[in-house]
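Take a look at these structures.
Both complexes below contain subunit A, partnered by subunit B and then by subunit C.
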Partner chain A sequence: MENLLYTALFAPLVGSIFAGVLGGRSKMMIAGLVPSILLLVSLAASLVLLGHVLSTGTAVAVTMFDWINIGNFNVAFGFQVDQVTAVMICVVTVVSAMVHIYSIGYMDHDKGFNRFFSYLSLFVFSMMFLVMSDNFLGLFVGWEGVGVCSYLLVGFWYHKRSASWAANEAFIMNRVADLGMLLGIALIYWQLGTVKYDEVFANVDKLDMTVLLWITGLLFVGAMGKSAQFPLHTWLADAMEGPTPVSALIHAATMVTAGVYLVVRANELYAPVPEVGYFIACLGAFVAMFAASMALVNRDMKRIIAYSTLSQLGYMFVAAGLGAYWVALFHLMTHAFFKALLFLGAGNVMHAMHDELDPFKMGGLRKAMKGTFILMTLASVALAGIWPLAGFFSKDLILEVAFVEHHFILYTVLLLTAGLTAFYSFRLVALIFHGEERYKLFGIHPHEAYRFMLIAMSPLAILAVIAGFGFKGDYFAMVTQMLPATEYHVHSPVVYWTMVFGTQIFVGLAIAYAYIKYVKVKAFDPAIESNFFYKLLINQYYIPALYEKFITVPYAKLSRFAWKQIDQRIVDAIVDLIATSIYKLGEVSKRMHTGNLSTMLRLMTLGFVIVLVIALALQMMAK
Partner chain B sequence: MITLNHYLIVAAVLFVIGMIGVMRRKNLLMLFFSTEILLNSVNIGFVALSHYLNDLSGQIFAFFIIAIAASEVAVGLGLLILLYKRKNTVDLDVIQNMHG
Partner chain C sequence: MEPVKFDLVALNLNTIMPMLITLGGALFILIIDLFKKLDKQFYVTVSMATMLLAIYAIFQINSAGRGFFDVMLVDGVAVISQLIILGASVLFMPLALTGFRFREFKFAEYFAFFLFMIAGFQFMVSTDNLILIFLGLETGSLALYALIAMHNRQKSLESALKYFTMGAFAAGLFAFGSMIFYGITGSVEIGQMKTVIEGNNFSNMPLILLGTAFMIAALGFKLSIVPFHTWTPDVYEGASAPLAGYMSIVPKIAGFVVALRFFDFLAMADDGVVQTLLWIAAVATMTIGNILALVQDGVKRMLAYSSVSHAGFVMTAILMGTTQAHVGMFLYWTLFLFTNLGAFAMLWISRHPSKQFDIRYDHPFTKFSGMVKINPVAAVMMAIFMLSLAGIPPFAVYWGKLYLIGAAINSDHLYLALIMAINSAIAVYYYLKLVVFMFLKDPSQNDGTIYNMNGTFPLRLVLIVAAVFVIASIATIEPLSAFIQTHVVASGF
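Take a look at the complex of A and B:
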């Protein structure tokens, strides 16, 4: 089992190094194939590990070597695959493997083909490191690793100014949040003297309540950054500048869910402080609604899906905050499948439309792109939460959790958001695939993606269909060996069925409304642009503008001040003064060096006399 | 009666003469003479004090100085002759060729 664990973890790294060695060369098919094959190996190893954990119920743990040994501070390079990790590594490797294969087709004509696969595999390695580590410090290393890879991949087309800007934004915003997380980990070490999960969780009751509040709060700040929760959410939409497979893998299925993973992993820290949990749930519900509303009007296909991701992350945090950790993890899993599928479909559409992102310029693509149409519709149905697809099971559970825990406001918000989700998903589908073929005006001839790209998407499609009813039982039995096994049942069957059917009808109406409204659209209606709500939403509630005005610009001014006034006028000036004064001294004293031996001898005598006088004077003073 | 002071005064006078020679003379050969005067004035001082203190180290030191002065002159004169062959002069102002 140990070797399997190492295989699952290090196969992506090997693939990354292999592709990285070829990084500077022009496109080589082998640089895409080898990492993909290694990813499939990693996937197989992960599935075997999952099987092992599922059948025996015991975790696989290894200690590779001692990592840090300073005084009392001992951290080993240790990994463990328990029930939660097993779920995570399977989700990560399934999505990554499919995205790798898909990318061979998607990046076909890109100059940075080899480099792309190197980064992508490195990301998978970091993510695996993050979820497999058996201590907080290893988690942090993986956490930073995925941050770096996200930076590299968002800024993959670095010659585009917007891409490098977005990469910087994502990276810097995550640094802000990571500081919180680092402080949280430091606090854990300071209080308990260890960062190993088992030892920390065993000693939670020794912690002071205030300290625990701080620890959980600070860790959640880190989670907020990585999972793009308000107010650190703006980077996620801008991160769509990266290649679409990156958006599918990193900004939908894996990295952004790391925050949820952290809360689920540290559930024993969160359990004694329900206040923090309640805050997380409220923030999650707010973000769910907030992001969904922005997705309603956006005219950028990828951004709509990004806001949808944000919204679904909000759902996960509601579940995690209310203590339903297994529900959060379940939604994480199902969401990874259908959201990655949705993104990959969007990638196909982008390719067909020559990188056009505005759905108002598409329409009627279902004839040209049948496969993509079916897959994307499937993903949207799953996202909307229609029975019996995956989204129904996980999202409905979250609604039930909110209901059963008597948080009716949260429940209402989430229910409304479910309607919004259905609306914007099918607005997108209707605009892209139905109605008139508006793209003809722009002289575009869409074509379906390569067959193997569609085949790479199909496992995700299958999972998006069956993950709900197929896995729920086994999943529940497995993860509740670790997580609190609270079952959320609405006691009265009348209420239960009303809720389920009510939600389904509500969602169905939202879908129907989206179809009716957008199938017949001829072109974008500019009249709506003067609408106040439209302006508010399309400008993302003016939050990026506010950040620009109150943080970025003053900070740039401050930096400029520090540069021009402090650095140049004080620090540089002192250094320059030393240099120039020595230089001037040389200018003055160079006249002594006439090259005339006689002059030199006279100067020597003068010096001798001066030294003599000083010596005599000192002698006198001593007496 | 000739006392220690007389010797020391002679040494000091010689030293000053040598010093003035070093400073004023432009002829390289004369500079050598001046340095010899300087060294020998010091020698007189050493020997006189050695006798006065009944300590032989001063005299030994004087011998050392004589030996080193001799070798210095040997080397210096050799260089001087080479310089004369090349420049046809031993005047310090003429052979000056570096400026600060």
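Take a look at the complex of A and C:
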């Protein structure tokens, strides 16, 4: 089992190094194939590990070597695969493997083909490291690795100004949040003297309530950054500058889920402080609605999907915040499948439309792209939460959690958001695949993607369909061995069925409305642009503008001030002054050395006298 | 009064054997010269053989102790310093086998003087008798003045004369200092003085301090301690490059040993006056030496001032007074020996007997512009010596600096350690200045041979030995410091 663990963890790293060695060369098919095959190996190993955990109920743990031994600060390089990790690694490897295979087709014509696969595999490795580590410090290493890789991949087309800007934004915003995370870990170590999960969780009751509040708060700040929760959410939509497979990876497997994972992993820290949990839930519900509203009007296909991820992450945090960790993790899993599918489908559309992202310029693509049409519709249905697809099971559960826990406001918000989700998902589907073929005006001839790309997407499609009803039972049995096994039942059957059917009908109506409104659309209607709500939403509630005005610009001014006034005028000046005065001192004392013998002899005598005077003076002082 | 007994065993002739060998070699050269004028190769060979034999004799002294009516004191310190003196001399001697003919090497006297000088310094370090120290010091110095003058340039003569005059003055100071201490204690042996002075608990402090001031001035002159250092740049510039390098090492280690013997117990006095004096002197020396080296245009003058700074650096070992410091002192000097002699030899190898590179200097910085493009091997070699002098790891002097600064910290001289570190940082500037000239500027001439026109196989061999030692010093630190440690501890420092 240990070797399997190492295989699952390090196969992506080997793939990354392999492709990285070829990084400087022009496209080589092998640089894409080897990492993909290695990732399939990693996937196989992960599945065996999952099977092991499922059947035996015991975790696989290894200690690779001592990592840090400073004084009494000891951290080992340790990894473990328990129930939660097993779910995570399977999700990560399934999605990543499919994205890798898909990318061979998607990046076919790109100059940076080899480099792309190197980054992509490294991204996966970082995420695997993150979820497999058995301590907070290892988690942090993976956390940072994920940050670096996202920077590399979002800015993959670094020659585009917007891409490098977005890469920086993602990186810097995550860095801000990571500080919180690091402080949280430091606080854990300071209080408990260890960063290992088991030891930390075993000693939670020793912690002071205030301290625990701080720890959980700070860790959640880290999670907010990675999972793009308000107010650190702006990077996620801008990160769409990266190649589309990267978006699939970030949104489904390797990045934004890390925040949810952290909260689930540290559930034993969060359990004693329900107030933090409640805050997380409220923030999650807010983000769910907030992001969904922005998705309603956006005219950028990828951004719409990105906002949808944001919104779904909000759902997950509601579940996690309310203590339903297994539900959060379940939604994380189902969401990963259909969101990856949605993104890869969007990638196909983009290729077909020559990188056009505005759905108002598409329409009627279902004829040209039948496979993509079916897959994306499937993913959208799953996202909307229609029975019996995966989204229904996980999302409905979250609604039930909110209801059963008597958080009716949260419930209402989430219910409304479910409607919004269905609406914007099918607005997108209607605009892209139905109605008139508006793209003809732009002289585009769409074509379906390579067959193997569609085949790579199909496992995800199957999972998006069956993950709900197929896995729920086993999943619940397994993860509740370590997560709180609270089942959320609405006691009255009448209420329960009303809720289920009500939700389904509501969602169905939203879909129908989206179809009716957008199937017949001829072009974008500029009249709406003057609408106040439209302006608010399309400008993302003016949040990026506010950040620009109140954070970026003042900070840049401050930096400029520190550079011009403090560094150059004061620090540099002092350094230069020291240097020049030492130099001048040299010039002055050079005059002492005239080479004149009489002067030299006099100087010697003077020196003797000085020594004597100092000696006697010191002697006086000593007395 | 008892008659003086002549017991050959009690004389312990072993203790004096190394000096006898060097003196014998010198006399042999003079006698041969009476009968037949021989080539310099012969004299070099004889001198080398003599010195190697003397080294062998040093290793034969297995019972450290006193000899020759207790005038000689061959302890561990004496052994190490003699080894350093002879080792430097062995490295120096082949540098006489130059490609060009230089006038001084024509005379057999040059080699005889050289051996006399070594014998003088050997005596100086192997006794604690102030009279014998004085004799050794003057023997060595007088021979050295002559060696400088024999380079036969106007500058050499001038600097030899200056050195001689000031040396005479310093000798006077030494004599006065000795006199005062003799007056206080009734002895000329440092060991006895220590017993007496400590016995009456430093009661004559003002007188002791007067004597100490004389001694500081006298030894300060030899060690080029500020403000008694003014001769250094002129004399180094006047002397031939290898002799200048030699002077920056050998007379100074002899001076250090005397200073160590003399000031060790004074510096450890409770009131700390002498310690403070030495502190001020050491700090002033390393700092002023450094800032003067900063503004030099000639490489040789820069090296001269920088060796003043190095001397100040090593002076600190005496005031710290711990075993670690004393070990550091000898270790530093051994490492410095190879590096500095290598650097000066690099200048020597580019020397022409009559032509000067520019009106003012033989070796201005500009001479080395772009050296890497026209003579890469020599440039890299020079750069290694410079980096070592600057104390950049892993080259030789770095370890010495590390050891001494470590000793300063361990003996609670934190400010001193800080000043030493800052000075090391300043020193990097002027050493790297030469590296910058060699590697980053455009060549000032096309002819790369100018940098080794004086070169012959023996010169290159010396350079290679020095360079290899500097580069591989990391491997020698362990055994070297262990060897020094045993000897220093054995002699009670």
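We take it that the second predicted complex is superposed on the first by the 572 of 623 C-alpha atoms of A that agree within 3 Å, B and C clash if a C-alpha of one lies under 4 Å from a C-alpha of the other, contacts with A are read in each partner's own complex, and residues count from 1 in each chain.
Methods note: a contact is a pair of C-beta atoms (placed from the backbone, for glycine too) under 8 Å apart; a residue touches a chain by one contact, two chains touch by 3 or more.
All values reported here derive from a predicted model rather than from experimental measurement.
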Partner chain in contact with A:601 - subunit B first, subunit C second, else both or neither: both
First (subunit B), second (subunit C), both or neither touched by A:591: first
Which of subunit B and subunit C A:206 touches, first, second, both or neither: neither
Which of subunit B and subunit C A:583 touches, first, second, both or neither: second
Which superposed partner A:569 touches (first subunit B, second subunit C, both, neither): neither
Comparing the two partners subunit B and subunit C, which touches a greater set of residues in subunit A: C
Subunit B versus subunit C as contact partner of A:615, first or second or both or neither: second
Which superposed partner A:451 touches (first subunit B, second subunit C, both, neither): neither
Which superposed partner A:25 touches (first subunit B, second subunit C, both, neither): neither
Set of subunit A residues, in rising order, touched by both subunit B and subunit C: 590, 592-593, 595, 597, 601
Contacting residues of subunit B [partner subunit A, same complex]: 19, 22-23, 25-26, 31, 92-93, 95-100
Complex contacts: residues of subunit C adjacent to subunit A: 161-162, 165-166, 169-170, 173, 205-206, 209-210, 212-214, 216-217, 220-221, 226-228, 230-231, 233-234, 271-274, 276-277, 280-281, 288, 291-295, 426
Residues on subunit A engaged by subunit C in the complex (per definition of touch): 582-583, 585-587, 589-590, 592-593, 595, 597, 599-601, 603-604, 606-608, 610-612, 614-616, 618-619, 622-623
Subunit B-facing residues of subunit A, complex: 590-598, 601-602, 605
